[in-house]
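Just passing along the structure, written as structure tokens.
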Amino acid sequence: AANLERNKYETNEVPGVVTGLAWTSVGGDILFIESILSKGKGNLTITGNLGKVMKESATIAMEFIKANADEFGIDMEDLQTKNVHIHVPEGATPKDGPSAGITMLTSLVSSFTGRKVKSHLAMTGEMTLRGKVLPVGGIKEKILAAKRANIKEIILCKDNQKDIDEIKEEYLKGLKFHFVENMKEVIDIALLKQKAKK
Amino acid sequence: AANLERNKYETNEVPGVVTGLAWTSVGGDILFIESILSKGKGNLTITGNLGKVMKESATIAMEFIKANADEFGIDMEDLQTKNVHIHVPEGATPKDGPSAGITMLTSLVSSFTGRKVKSHLAMTGEMTLRGKVLPVGGIKEKILAAKRANIKEIILCKDNQKDIDEIKEEYLKGLKFHFVENMKEVIDIALLKQKAKK
Amino acid sequence: AANLERNKYETNEVPGVVTGLAWTSVGGDILFIESILSKGKGNLTITGNLGKVMKESATIAMEFIKANADEFGIDMEDLQTKNVHIHVPEGATPKDGPSAGITMLTSLVSSFTGRKVKSHLAMTGEMTLRGKVLPVGGIKEKILAAKRANIKEIILCKDNQKDIDEIKEEYLKGLKFHFVENMKEVIDIALLKQKAKK
Amino acid sequence: AANLERNKYETNEVPGVVTGLAWTSVGGDILFIESILSKGKGNLTITGNLGKVMKESATIAMEFIKANADEFGIDMEDLQTKNVHIHVPEGATPKDGPSAGITMLTSLVSSFTGRKVKSHLAMTGEMTLRGKVLPVGGIKEKILAAKRANIKEIILCKDNQKDIDEIKEEYLKGLKFHFVENMKEVIDIALLKQKAKK
Amino acid sequence: AANLERNKYETNEVPGVVTGLAWTSVGGDILFIESILSKGKGNLTITGNLGKVMKESATIAMEFIKANADEFGIDMEDLQTKNVHIHVPEGATPKDGPSAGITMLTSLVSSFTGRKVKSHLAMTGEMTLRGKVLPVGGIKEKILAAKRANIKEIILCKDNQKDIDEIKEEYLKGLKFHFVENMKEVIDIALLKQKAKK
Amino acid sequence: AANLERNKYETNEVPGVVTGLAWTSVGGDILFIESILSKGKGNLTITGNLGKVMKESATIAMEFIKANADEFGIDMEDLQTKNVHIHVPEGATPKDGPSAGITMLTSLVSSFTGRKVKSHLAMTGEMTLRGKVLPVGGIKEKILAAKRANIKEIILCKDNQKDIDEIKEEYLKGLKFHFVENMKEVIDIALLKQKAKK
């Protein structure tokens, strides 16, 4: 029943909500990255009981956006006159690690452009300041969690393809994989051209 | 006798005081979220011996209000020319966790609009940056505490309905439940149209 | 001899010095809350080897004053052009807990209005952001300490009346109690209309 | 030989250097409080490997001076256009506690007025925000250290007179004591009318 | 396979990405220093799960650049109107120590000048505030890691030449070493005159 | 061989690099204090893996310079329009204690005046805010380290002369000592009138 509720939440009615895959002490799990803009001076707020490394991912994502605003169709003025808040729900659970990097960037680009996030899509991967996607751990557990949560498509780093190759066929049934090398590919796959209703 | 005094406190003469339900090491308990506005520059102060996650809930609530001021009938100018202080009384007890999120938002909307809080009402639930309500733990203990404190109506996340279904009928007698999915529903139930006397 | 000296200190020649009651590891004790104003920008400084919760009490008291300046006859301009320093002497002793809340507020109102503090008066109680007074612990030990220090009147939360009822008559001889529910009552009892010489 | 050197240091050629008495794990000791002014905006810097309580003493002393500048003949403008640095030499030794309070205030008044510090004088005592002097511990050990360092006059809180009464006559030979209740008395005793050469 | 991917990443298409050599608990490793500029006020952001000393290296590098902008052909105005972000990917691994100092400076000079980084080049060495290069530890392990990652040229401090002399000939085959004393030499070797495509 | 390299480094071609003597867990050692100026607003940055007390030494040195700029021929305007960075190389080693105080001040005066540092000179001593030099520990170990590093002259506090008197003649051969009481003497000995090439 809980999964049912969750799946509804996962709809893409609003921009800025993107599904990530996490690796926890009790197995894989899905998590949601939310971002929201408000009138301000370009400040960044990060909540959700996050550790140091995960907070750094948010900072890296914002800096990458500032340096590549044009490429993503983001208005430079918005970057200076909006505050950004990134939140990862389920505050009771401490979260850390770099693997939400690409999810955070996708959430931010969606918020700044208003573009809808593709539904039934999840992703996991570290991003570098230069927009490369790096491989992360716990792939098998994350794939199982994605299936339980009714995910249909998954974005992974090309370096993680070998981890998929080691998983039994039956666990992968119904899942489509996108193996990528940089953030441009992630955004092209994850965000629709269509704008979400605000 | 103490409960009697508490119940008086619980009256809704002033805006900004909302009853929450907490889950402590010695069982369930009620707690009060107070918010107050003063002339300022939009700063947020949080007190009450709160842990990191509970403070983050206050930040999330404020950001959500800034991004949805219109929908709640809040004047954007007030958000920039008032300081907000959120306090959770009984400072001797450390408090933490995300489950006061919806109570904090309700308190803030009440303070900014002046709308009265419904009396004999309590609530518990995490809120996300996008205004969704998430389920929380300790439901059974919280319900028992609410009854002891003479609460008549309780707001919970729809995902917590299953926890109520598992509680014996006799413990639920005299309680009315509202199962909600988002913050708009919480505000519609918790705040009266009527303004409180300042 | 030390008590004799202390009693002199306790005189109300200056505004802003109020006697509180504390509960320490070696029994009850009296403590003094001092506040002082200087030319500034409305900043608050807190000293006296205080823990987090006791510092929060000072913040709560200041916010309450900002939101209720009119009611206490405080000039709004003073709140923006004066710095406030709250100090609790005897820095060798670490101090914490919420029970100095009402003493701090009384000290601040005295400093901002210049009104004299009633002599031979002590108080203990937590205050909420909305000006309610909450009960605190260690009442019996605090009463004994008050008597040793030649205190004649004590302000307590109405919820602490039951703790007084459990103390033997002989310990209470010569003490007058005021049981209150909110800060307005505290200020009416504790501060004289007469202004202190600066 | 070391004491000889020290005694030279102790001369009062410059304003702002005042001798205090400290109580350490290896007995009593003298310490020096230095303060210095530079062009600035009224900022306070504190160094010397000091603990939290001793740093607070410096803050209390500065606030007291701001609120009582007239009484000490200090120019209000200096308080806003000078930075103040307080240092306690011998950085290898951690130092803490409130008993340097009156020494710090004396050093600051000397620096702001340029008045010479009386030579062969030492002092120890906590000060309150309202300028009262409170008693401190370790009096016997401090007195012995003062004699070793060739001190001739000592300022103490009136409440510490009983500690002196318990010391054998022979240890007190050649020492003159001043027992005080407030900071005005300390300054009158410790600072000469004569200005030091800058 | 992982190394293959890495090598691609190591290409010098963009300025500001420089390969360093690290010494970890499991042997030598290569790491990448990325820097990026964005419109701002000269602020420096540092991410990558770095310890205190490694963060200090970034500060030292920035200060050295500010004091020697002319020598490196860097526009002083850029230093005041650009924010700089330095990131070290693979956030799951904590990193510390001074040996990335020369790599950080090289990355920054590349970002500010747009000059391409020589390909198949790695380096390790502490830099001082005056631009000297100091020797670092773990040289043998770092050399082995460099070979595994297909590095062809390595910059080391002259003081580390003796560590190379102790390594067997066969491990050094195919590697060209540059032993340097100051940062000017490092930049001359590491950066091409040719500008990278932005 | 390492010492040979070090000795080169020790040349006085640039201002602001001064040799200090340190006492570490493995015996005495020499260290270098570097300072550098850049366009700014009078901010002070300190790096080199330093502990709290050693950082305080840098603050004390800067404050002393601000209060005595004239005496050292330093332009007051430079103090407000330059940022200062002090660095102590060999970041892998944590460093603390007050004994680098006089070395830091000497480095700063050299940087602000451009005066050359005397070559083959080292020093160790705590400085006070009033410019006195205090004795420090580990003298014997520091002297041995100085000889190994080819130092010819050493500045010490007059109070440390007794420590030299206890060292065997043969260890002191070839070393010239300067015993000083205040910072003016240190600067007169350590800095040449001649300006260094920038």
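Going by the order they are written in, the chains are A, B, C, D, E and F; count residues from 1 in each one.
The definition used in the following text is that a contact is a pair of C-beta atoms (placed from the backbone, for glycine too) under 8 Å apart; a residue touches a chain by one contact, two chains touch by 3 or more.
Note that the structure is predicted; figures quoted are calculated from it, not measured.
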| item | value |
| --- | --- |
| Shared chain contacts [subunit B and subunit C, defined touch] | none |
| Chain separated most widely from subunit D, comparing mean CA positions | A |
| Magnitude of the superposing rotation for subunit C and subunit D (Cα, nearest 5°) | 60 |
| Chain whose average C-alpha position is farthest from subunit C's own | E |
| Between subunit F and subunit C, distance of the C-alpha-averaged centres to the nearest whole Å | 52 |
| Whole-Å gap between the CA centroids of subunit A and subunit D | 60 |
| Residue list for subunit B, restricted to those that touch at least two other chains | none |
| Pairwise touch network: line, ring, star, complete, or other | ring |
| Chain order around the ring, beginning at subunit E and proceeding next to subunit F | E, F, D, C, B, A |
| Of all residues in subunit A, those that touch subunit E in their complex | 52-53, 56-57, 59-60, 63-64, 66-67, 76, 97-98, 101, 126, 128-130, 132, 134-137, 158-159, 162, 181 |
| Residue numbers on subunit E that touch subunit A, as the complex places them | 1-2, 5, 8-9, 14, 16-17, 32, 34-39, 45, 47-49, 83, 85-87, 89-92 |
